[in-house]
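A, B, C and D label the chains in the order they appear, each numbered from 1.
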Amino acid sequence: MTNHRIRDDYQSVRKYSEDLCAPLETEDYIPQPVPFVSPPKWHLAHSTWFFETFILKQFKPGYQEYDPDFNYLFNSYYNNIGERTLRTDRGNVTRPTTKAVYAYRQHVDRCMVELLESEQDEHTLSLVTLGLHHEQQHQELLVTDIKYILGHNPLFPVYKENHNLLSGKNTDTGFLKISEGVYDIGFAGDGFCFDNELGRHKVFLHEFEISKSPVTTGEYIEFMNAGGYSDFNLWLDEGWSWVNENSIQSPMYWHKVKGEWHYYTLAGLQKVDPYAILGHVSYYEAAAFAQWKQMRLPTEFEWEIASVNLDWGQRWEWTNSAYLPYPGFSKAPGAVGEYNGKFMINQMVLRGASVATSPNHARRTYRNFFHAPERWQYTGIRLAK
Amino acid sequence: MTNHRIRDDYQSVRKYSEDLCAPLETEDYIPQPVPFVSPPKWHLAHSTWFFETFILKQFKPGYQEYDPDFNYLFNSYYNNIGERTLRTDRGNVTRPTTKAVYAYRQHVDRCMVELLESEQDEHTLSLVTLGLHHEQQHQELLVTDIKYILGHNPLFPVYKENHNLLSGKNTDTGFLKISEGVYDIGFAGDGFCFDNELGRHKVFLHEFEISKSPVTTGEYIEFMNAGGYSDFNLWLDEGWSWVNENSIQSPMYWHKVKGEWHYYTLAGLQKVDPYAILGHVSYYEAAAFAQWKQMRLPTEFEWEIASVNLDWGQRWEWTNSAYLPYPGFSKAPGAVGEYNGKFMINQMVLRGASVATSPNHARRTYRNFFHAPERWQYTGIRLAK
Amino acid sequence: MTNHRIRDDYQSVRKYSEDLCAPLETEDYIPQPVPFVSPPKWHLAHSTWFFETFILKQFKPGYQEYDPDFNYLFNSYYNNIGERTLRTDRGNVTRPTTKAVYAYRQHVDRCMVELLESEQDEHTLSLVTLGLHHEQQHQELLVTDIKYILGHNPLFPVYKENHNLLSGKNTDTGFLKISEGVYDIGFAGDGFCFDNELGRHKVFLHEFEISKSPVTTGEYIEFMNAGGYSDFNLWLDEGWSWVNENSIQSPMYWHKVKGEWHYYTLAGLQKVDPYAILGHVSYYEAAAFAQWKQMRLPTEFEWEIASVNLDWGQRWEWTNSAYLPYPGFSKAPGAVGEYNGKFMINQMVLRGASVATSPNHARRTYRNFFHAPERWQYTGIRLAK
Amino acid sequence: MTNHRIRDDYQSVRKYSEDLCAPLETEDYIPQPVPFVSPPKWHLAHSTWFFETFILKQFKPGYQEYDPDFNYLFNSYYNNIGERTLRTDRGNVTRPTTKAVYAYRQHVDRCMVELLESEQDEHTLSLVTLGLHHEQQHQELLVTDIKYILGHNPLFPVYKENHNLLSGKNTDTGFLKISEGVYDIGFAGDGFCFDNELGRHKVFLHEFEISKSPVTTGEYIEFMNAGGYSDFNLWLDEGWSWVNENSIQSPMYWHKVKGEWHYYTLAGLQKVDPYAILGHVSYYEAAAFAQWKQMRLPTEFEWEIASVNLDWGQRWEWTNSAYLPYPGFSKAPGAVGEYNGKFMINQMVLRGASVATSPNHARRTYRNFFHAPERWQYTGIRLAK
């Protein structure tokens, strides 16, 4: 990829983060209501810090650190880079202000554009590309974290009218049959991918069938009405504890108002549309629903092979595969190697992409991963048998 | 007190809350870093809600509730008034915005002034007066909560230059001797007092001596240098656990920078002044320091009797009295009765007032109370023997 | 007191601990179901360790430590004596066996009797006396801890037939009036007392009335039937949280069986006797009940003065006094000084004695103390007004 | 299998549980020091309850329940069978006594033998066989739970002289190479297996090498000496938190005594033998060690295929496979179906068997599973590349 192409990408990706924040009030940039949600201000600063730390400080001659405190404040989890704010304290950091963070972005953007207008070697460019994909990941988190902050406010404020990301509908029905065989799995090609997609390798798949479309809210309401949340036989043991300890009765963001199910959307509280694709379910709920249907979730390998013939991109779809290294996976030395490998335990793989995923960020080989109870992402269910 | 006098008081007290917030950035209004600290925005709204709920809704003919959600959002702990935001969730409520809260204040203030310009009966006026003292209590919390939020930010931002509330010095030395006898304790007179000061009663005091001035940082550093934080014989058993579980080595806000003790003040990080009056110590620390001095803390009764002859008003001074009802204490029916009585367990009484106490809010009979480990208030030590 | 008298006391007190354990199975000696309950084996060993550590090792020429590990295992909370088993781990220590602990008792008893048969100075004898009172305190804990262990077993095993310590009934009715005046409080005389009873001093009491008899289960059932556990206005704020977080609906050990209230007693599960004196209530419950009766609990000073004219000894009676030092209280140097003083925070004083108190262990000036939620002791309520 | 053969197996398996407990003192049967360790008495009772509940009550005509309380006390996790003692409360149940539990065993054994001496259909016999394998699983837990209870006692008591289960040494060196291909995985044959081994299916394996012998303590000490526990780059993110929050410095049961590493064994505290096979490591430690060696752990499929040519049976070997269902896995209806399937989340598969595994209980296709931090089992490491 040429410098200029990357410079343009840089500018458009960076702008998109700010566009996502445009509807916010200053107050909305601050809180961290639960440890897994980060404040929007933090996302804006952290993705900037990434470029400053891994590109400007390394490759821009004479670059002066913008503010030494920012390294402490906006490092996320890179032990190789040093001490950082406790993850659970991000919501208490009122200074630098949001305005100051935007100024930090402008400064870094100016320096980055300068750098990208001069010739750079491939290693630098590949790190810039990584930084852009990194920022795109934070863009999806921005959407879901903003939704969490606004959606847990008793006033149910509107983020943007007509911005109900749950409204996508299924376009096809029935099951797709895939025949038995040895298949190739993992990224192949020239473009960008994350290290966890590499180590392309062969996997034997038995014949299976996979649903052409993800589960709708209407189908899920049938499960709820059939007592799905109170029949322990449907649940994983951990899932059953999760249901009971948290008094779970529905997907996240659902509220019963005057006897009817509503859900919070970025366009405000709305009546649940039974034809809409289900979102905001945990792995536990996905597994229980599949059990109730006497089917199962696909593995990530089945999903990858079938995906050639499926529409997708509405929801991150829980698979029945744990997030583990592919054969031959190895992590890069230093901080960049902390990107994916160290999280390969006790998480489940999700495949696809969601309505909140940034443009051009999806790939059939993309391996997303979350913990089983997490459901503030746009997570959904596709069945296999 | 006449209506007009109360109206003027109302306006000046209400303005003072906003003055205290003038140096803040919008971001600073939001967080609740620990459960006992409330967001400044919440203080501004809650003290307004108090007037709306207990005065306007009761006594202003035709008053329309400003926003029904605010009752849920800004009730603090009045069970008689209904459901409320969980105390630990106050920092996640970004809407209504700070600006909207200021608009709420203006609306309520306009209505209150209208009401106070017409004749009101004594009961109404006494509730208004209670509301003003309530707001003054929140003003002191505003100062200490703002200090907590800024003082735990790694950037140690300045609230206001020259606003080091720790700088007060002692004006007198030696001990005051009070002779044995039966003394009267509790509020007497016509002005305002809280219900917990009532039930004036007699207490027998043995002869005692009380220090004419509170302990300085310099004296406390001697205790620290003598190993006070590592000698378990000086500590209450609970205090010793508190020291160890929290790795306590100094008063709150103290930091050792290049070998020298500094403390965060509202004017920023400063070198500790050894002549300044000590602040931000817990009851445990106060008790351990007294033990080290082979003295003790005064009881609240000793303090009240001695205070006639003492300067005070720099620090809330820990006494060796638990917060319990005076003989004859009774609480008012309904929500107003929840003000003090229900907290009379497992807290210690502090007497005096602090540099953060609002003007005209102090009384010799005032009974402040906090839990033994709490020290984000301007708390200090006065010795007795 | 002569050596011989003390030797006889020693033998009878020590035997009584073992008598209390006679009905136990070996298994019952082991568990610690909650941190505040200690295993019976631990009580037997710890009270023995007290004599070995504070008497034999100090004063018996040539005494050899029985087992160096026991110092670690059976120290309770004396920091001056060194490291010890974590309080919460006492229930995991299966070795030394119960039999080995009895052998340890025999060894120490033999050495103690030898020592007491030779002349000893007053200091030594006073420490032996302290050790005996210490063992008597553990005897009461033995009773209540055994009750906790058996009473939380789903089989409700019988400790001893006819051993229902709750059956005591009231013998008198009405209120006793005490007139206003200055009274002397604290221990006077030659016999034994704990350090916390010393510092005899004067207290002014206003006229008050105190019930001639403690509250019965029948009276308490009226409170329950009147919705006492669901009316927040009756409760301290902390108490109301305690009720809700622990789903408290009745005193400890009460169970509703086929619509009728039963309680576990040491003689097994029995129907609640409405004329029996109420037991096993927390300070929170005592305070809420008093509030419901529109009365209050007496202070420990009122109690001490009134007690001359009261029967008592059925229940430890919660007072409205916090456990704090008397004026002039000072603690002994070293480990013995850790006995009482370091617990003088966040506990409430109970006066009287209970049916589980060892013979000759009660005094009118005795200051017992527990945390507000604790109720596994035989705690009851006496009203004042 | 004939009735008689099963009756003999029944008697020998049941006797072996009691043999394992023969060296215990009564006290050792009681505690549950951590939630994942069960009291030996509970194991003896629960495995008996299994036969009573699933065989005698179903298939023995006229069988009378031994004690209705036992169903509540000794059910482990079968929701289909009803309420049960909280898992964390098992250590507080002193009654029924150990002696009474042995009587319960005798009663059930007598009835079982009677039943097995008459003709039984295949379904009944297969449930008996399941019960025996279930009891064998509890036998291994008996060994490891007894080790936990004794090994955390400060006296380090000896279970049995010469019973150091850690002493096994490696018999072979070097790596075994397995060539690429499609292999069959899962149980095939007539004998017993658990439901999680079924669903025999094909898996494609790339060429790999696997160590002929598991890692020794000596090799692990090299990792420790090289700073393995303090180099975050070697650890999974969760593992690094686990190391720091628990101050992990060595495998479980290791103690440094006068500068030399010792470990607790069932024969008491002993110097670490560097040629002994490493045991008692968590998945986190296994993964960090492999990372340090620049190798990896084998998958459970690689392990199963390679195992034909490996000695094994010394340690449960952590694999890099999550515990998930095989394609075609389905669980039986009712309580028996709760055996395995509901635990298929957030656990890792271990393969092999250990020195504590009961005779005839091992299979090449056996899938054991534990949570990543657990290491009180005889867990070890085998490397692959």
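Rule of thumb we're sticking to: a residue touches a chain if its C-beta (ideal position, glycine included) is under 8 Å from a C-beta of that chain, and two chains touch if they have at least 3 such contacts.
Values in this document were obtained by computation on a predicted structure and should not be read as measured data.
Participant: Figure out the least number of contact steps between subunit A and subunit C, where 1 means they touch directly.
Facilitator: Minimum number of steps from subunit A to subunit C: 2.
Participant: So which pair out of B-C, C-D or A-D basically repeats A-B, with more than half the contacts the same?
Facilitator: Answer for the repeat of A-B: C-D.
Participant: So, what's the distance in Å between the C-alpha centres of subunit C and subunit B?
Facilitator: Here subunit B and subunit C have centroids separated by 37 Å.
Participant: How many angstrom lie between the CA centroids of subunit B and subunit D, rounded to a whole number?
Facilitator: Between these chains, centre-to-centre, one finds 57 Å.
Participant: Between subunit C and subunit D, what distance separates the C-alpha centroids? Give it in angstrom.
Facilitator: Going by mean C-alpha positions, subunit C sits 45 Å from subunit D.
Participant: Which residues does subunit B have that touch at least 2 chains other than itself?
Facilitator: As it turns out, subunit B has no residue touching two or more other chains.
Participant: Once the touch criterion is applied, which pairs of chains come out as touching?
Facilitator: A-B, A-D, B-C, C-D
Participant: Across the complex, what residues on subunit C touch subunit B?
Facilitator: 77, 79-80, 182, 201-204, 206, 208, 232-233, 235-240, 283-284, 287, 296, 320-322, 324-325, 327-328, 337, 342-346, 372
Participant: Note which residues of subunit B are touching subunit A in the complex, please.
Facilitator: Residues in contact with subunit A: 25-31, 33, 41, 69, 72-73, 85, 89, 91-98, 149-150, 152-155, 157.
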